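What follows is subunit A paired twice: with subunit B in the first complex and subunit C in the second.
Entry: the complex of A and B
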């Protein structure tokens, strides 16, 4: 669809500049989309790997926890687990990936869950909590990776829409308008030449008379 | 004088004749291994609420279920509370039963101390002990006991409280209170050779388990000093000297044959599965086996201690089966960890 502009040289020049800019922008956005896609796939692979690790670790920890729970009153386990030493401290940082802002959680301090006595707690509680403590950094990493995937997928979608808009709407419209103006200008040129030729003919006829 | 002398020999204290008779009758009401096996053999996993129904098939437990809106854990706890209450009456004020029940008061004491230190709501308080969680909370505030509390109970709790000094680290509270509890246990049970041996074996096994747990977790020797309990026959020096040596090399050095055998079996299971749950089971079975001798005594406190251990054993067995079924755990795992029956 051609744009609603006056078909003159000034507009033609402006549109040609805009077309060149749009083509350059389209190329850049396409490159960005490809790079985002590559990163996205890398993060998806990493997330899959991390999720498997976390799942395996949680399975192990819960299996051991079940072994403890089989023989220990619920209240004894609750009392043993409710008072960890220290606090969980997380730091939020923001990094940029292809100019996309990506938040990132970093584990600063992890509480020590081993504040219970050995006399009245089951042996496998230690191993269960150790595995859970090891799992926490992995879970935080998984959160980071999965959040990055969500943000990247939104950005890819946005970029794809921009690329498509440029490729299928903006650039064809400008090109069509340029073509229209060029046709219009050529037509004007031709009619001008015809007019001049006709004037010349009239003048020559007048001289001959 | 004669009575005192008799009391020193196992199964000869005639003061508890009525109590022993009553206990023999109660022992017959313990859930038989056959009934447990039947419960275990039911194929279907138990959904929420079905555990209570399964538990309700046993007369003692059905009474507890009927008494109020309770979950499985509350019913099991109630059974222990009733058993300890009865034995405290039957034991004519003997400190032996009291000290066994005090384990639950000490659990509440530890929990409340830790919760106060962190400024959190206390979780997992038990109602089996002499003092309710509310009473124990008041004791912590006022450091005195309201009327009606047994002097031995009050004295022992105050002893433990006195050891938990201001500014104590969170992770040492349990060690301090446990140490105080097992010291008292060894002292009180020390008046009777059979019970003295039981206390010694209990402490030895806990110490061996602590030593092994620390080795597996790769923790420091400092924690070993905190975790070891006094009153056992294995010296602290033995544990210190062998700290860092693999358990497979330490086990043959233990002098007691029965401990060596237990450790050998536990090592076998540990090497196969890399978990220590079998050690816990073997320890409990060992102690139950030891206490089973008390069944043959017609006099003395030993059958009473045997009965309370049997009740604890029954409750643990029920918990193992019901929890295993609720969580649909493999039946071979449940069977493997199911404690031997005293009944």
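Entry: the complex of A and C
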């Protein structure tokens, strides 16, 4: 669809500049999209790997916790786990990837998981909490990677829409408008020549008479 | 009073109670039961029939656990009430273990300002004002509320550590130490034969606890020698402070386990695989518990008119209650019978 512009040389020059800029932008956005896609796939692979590790660790921890639950009356277990030794501290940082802001959680301080006496708790509880405590950094890494994947997928979608808009709407429209202006200017040129030729003819006829 | 005079009736009573312990056939049925309700049906043929009457689902398990704990306390009281001479005082000390456990749960609940419904509120040995303790504003108030109970002194001594760390752990260690020291004091006052038997059985118990704890300290806590010695249960038969000072420092888990077992049994028993093997630790705990139960059974096989029969019965009862909790929880978690079998300890 051509743009609603006056078909003159000024507009033609302006449109040609815009077309060149749009083509350069399109190329850049395509490159960005490809790079985002490559990063996205890398993060998806990493997330899959991390999720498997976390799942395995959680399975082990829950298995141990079940064994502990088997031999420990609920009141002792509830009492043993009722009082944490410290607080978990997380730091939020923001990094940039292809100018996309990616938040990142970092474990600043992890409290000691063993906060109970030994008389009423079995060693399976130690094992379970140790595994869970080892799993925590992996879970935080998984959160980071999965959040990055979500942000990258939104950015890829946004970039794809921009690339498509440039490729299938903006550039064709400008190209069509340029063609229209060029045709229009050529027509004007031809009709001008015709008019001049006709004037010349009339003048020659008048001289001959 | 002679051993015969003291133990004639008590021994008959305890033998009668021993015959009511869950039999291997009943254990087999319990292990094979498909769910909690079926396991409860099996228990209808045992001493526990009254406890499981109104059980309708696995959701009632916390209630069964509380009832089983109460049953165990009642079993101690029943034996204490028919005992004569020095025996009631000794059983009272064994019974106090449950009071200390309950007090530790109470202190944790107070410290965390959390759910309090699972605390046992009836009197066990001393008058503990449970609700007033839970409402206390400070540890000082708790110490005052504990009045003339034996817990006032250990809590006062551990107060500084509690205030420094903010954790109830030092209070728990102090309570445990007080209990064991008082128990050993009572053991020291027993007549010679009883003293020898009680020292042996309770000493083995302390050894087994210390072995397990030391392995846990080494594997998970990375505690230094001074902390290990501070947390040790006193009165071990073979595992004494000097022995720990010799074997604990500078060893890895596997060599520590071998050193501890060699110190107690002469060598590492074949049932216990090396620590680095996957089930090493689980097997060690299982082996130690089984060994202890065997020692209790042996005590029942000797001269009957001693305190050995009483200790053996009460500890076997405790193991039985623990096994029942394990089986019922396993049923609630739908674990296969083979796994349940490996989780319970009996001889």
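What we mean here is this: the second predicted complex is superposed on the first by the 209 of 209 C-alpha atoms of A that agree within 3 Å, B and C clash if a C-alpha of one lies under 4 Å from a C-alpha of the other, contacts with A are read in each partner's own complex, and residues count from 1 in each chain.
Note that in this section a residue touches a chain if its C-beta (ideal position, glycine included) is under 8 Å from a C-beta of that chain, and two chains touch if they have at least 3 such contacts.
In this text, all values refer to a predicted model and were calculated from it rather than measured experimentally.
Student: Taking subunit A as the common reference for superposition, should the pair subunit B and subunit C be classed as clashing or as fitting?
Tutor: After superposition on subunit A, subunit B vs subunit C: clash.
Student: Once chain A of both complexes is superposed, is A:35 in touch with subunit B (first), subunit C (second), both, or neither?
Tutor: Neither: A:35 stays clear of subunit B and subunit C.
Student: Go through the superposed model and pick first if A:194 touches only subunit B, second if only subunit C, both, or neither.
Tutor: A:194: touches no partner chain.
Student: In the overlaid three-chain picture, which partner chain does A:69 touch, first (subunit B) or second (subunit C), both, or neither?
Tutor: Touch partners of A:69: subunit B and subunit C.
Student: Which holds for A:164: it touches subunit B only (first), subunit C only (second), both, or neither?
Tutor: neither
Student: Determine where on subunit A the residues touched by subunit B overlap those touched by subunit C, and list them.
Tutor: In the superposed arrangement, which is not itself an observed complex, subunit A uses residues 66-67, 69-71, 73-76, 78-80, 82-83, 85, 114-120, 122-124, 126-127, 130 for both subunit B and subunit C.
Student: Sort out for me which residues of subunit B touch subunit A in the complex.
Tutor: Residues 73, 76-77, 103, 107, 110-111, 114-115, 117-118, 120, 122-126, 169-171, 173-175, 177-178, 181-182, 206, 209-210, 212-213, 216-217, 227, 229, 275-277, 279-281, 284, 316, 319-320, 323-324, 327, 329, 333-334, 337, 339.
Student: Please name which positions on subunit C make contact with subunit A in the complex.
Tutor: It is residues 61-62, 65-66, 68-69, 101, 104-105, 108-109, 111-112, 114-115, 118-119, 167-169, 172-173, 176, 209, 212-213, 215-216, 219-221, 231, 281-282, 285, 322, 325-326, 329-330, 333, 335, 343 of subunit C that touch subunit A.
Student: Show me the residue ranges of subunit A that touch subunit C in the complex, using the header's touch definition.
Tutor: Result: residues 66-67, 69-71, 73-76, 78-80, 82-83, 85, 114-120, 122-124, 126-127, 130 of subunit A touch subunit C.
Student: Spell out the part of subunit A that touches subunit B in their complex, as residue ranges.
Tutor: On the subunit A side, the touching residues are 64, 66-71, 73-80, 82-83, 85, 112, 114-120, 122-124, 126-127, 130.
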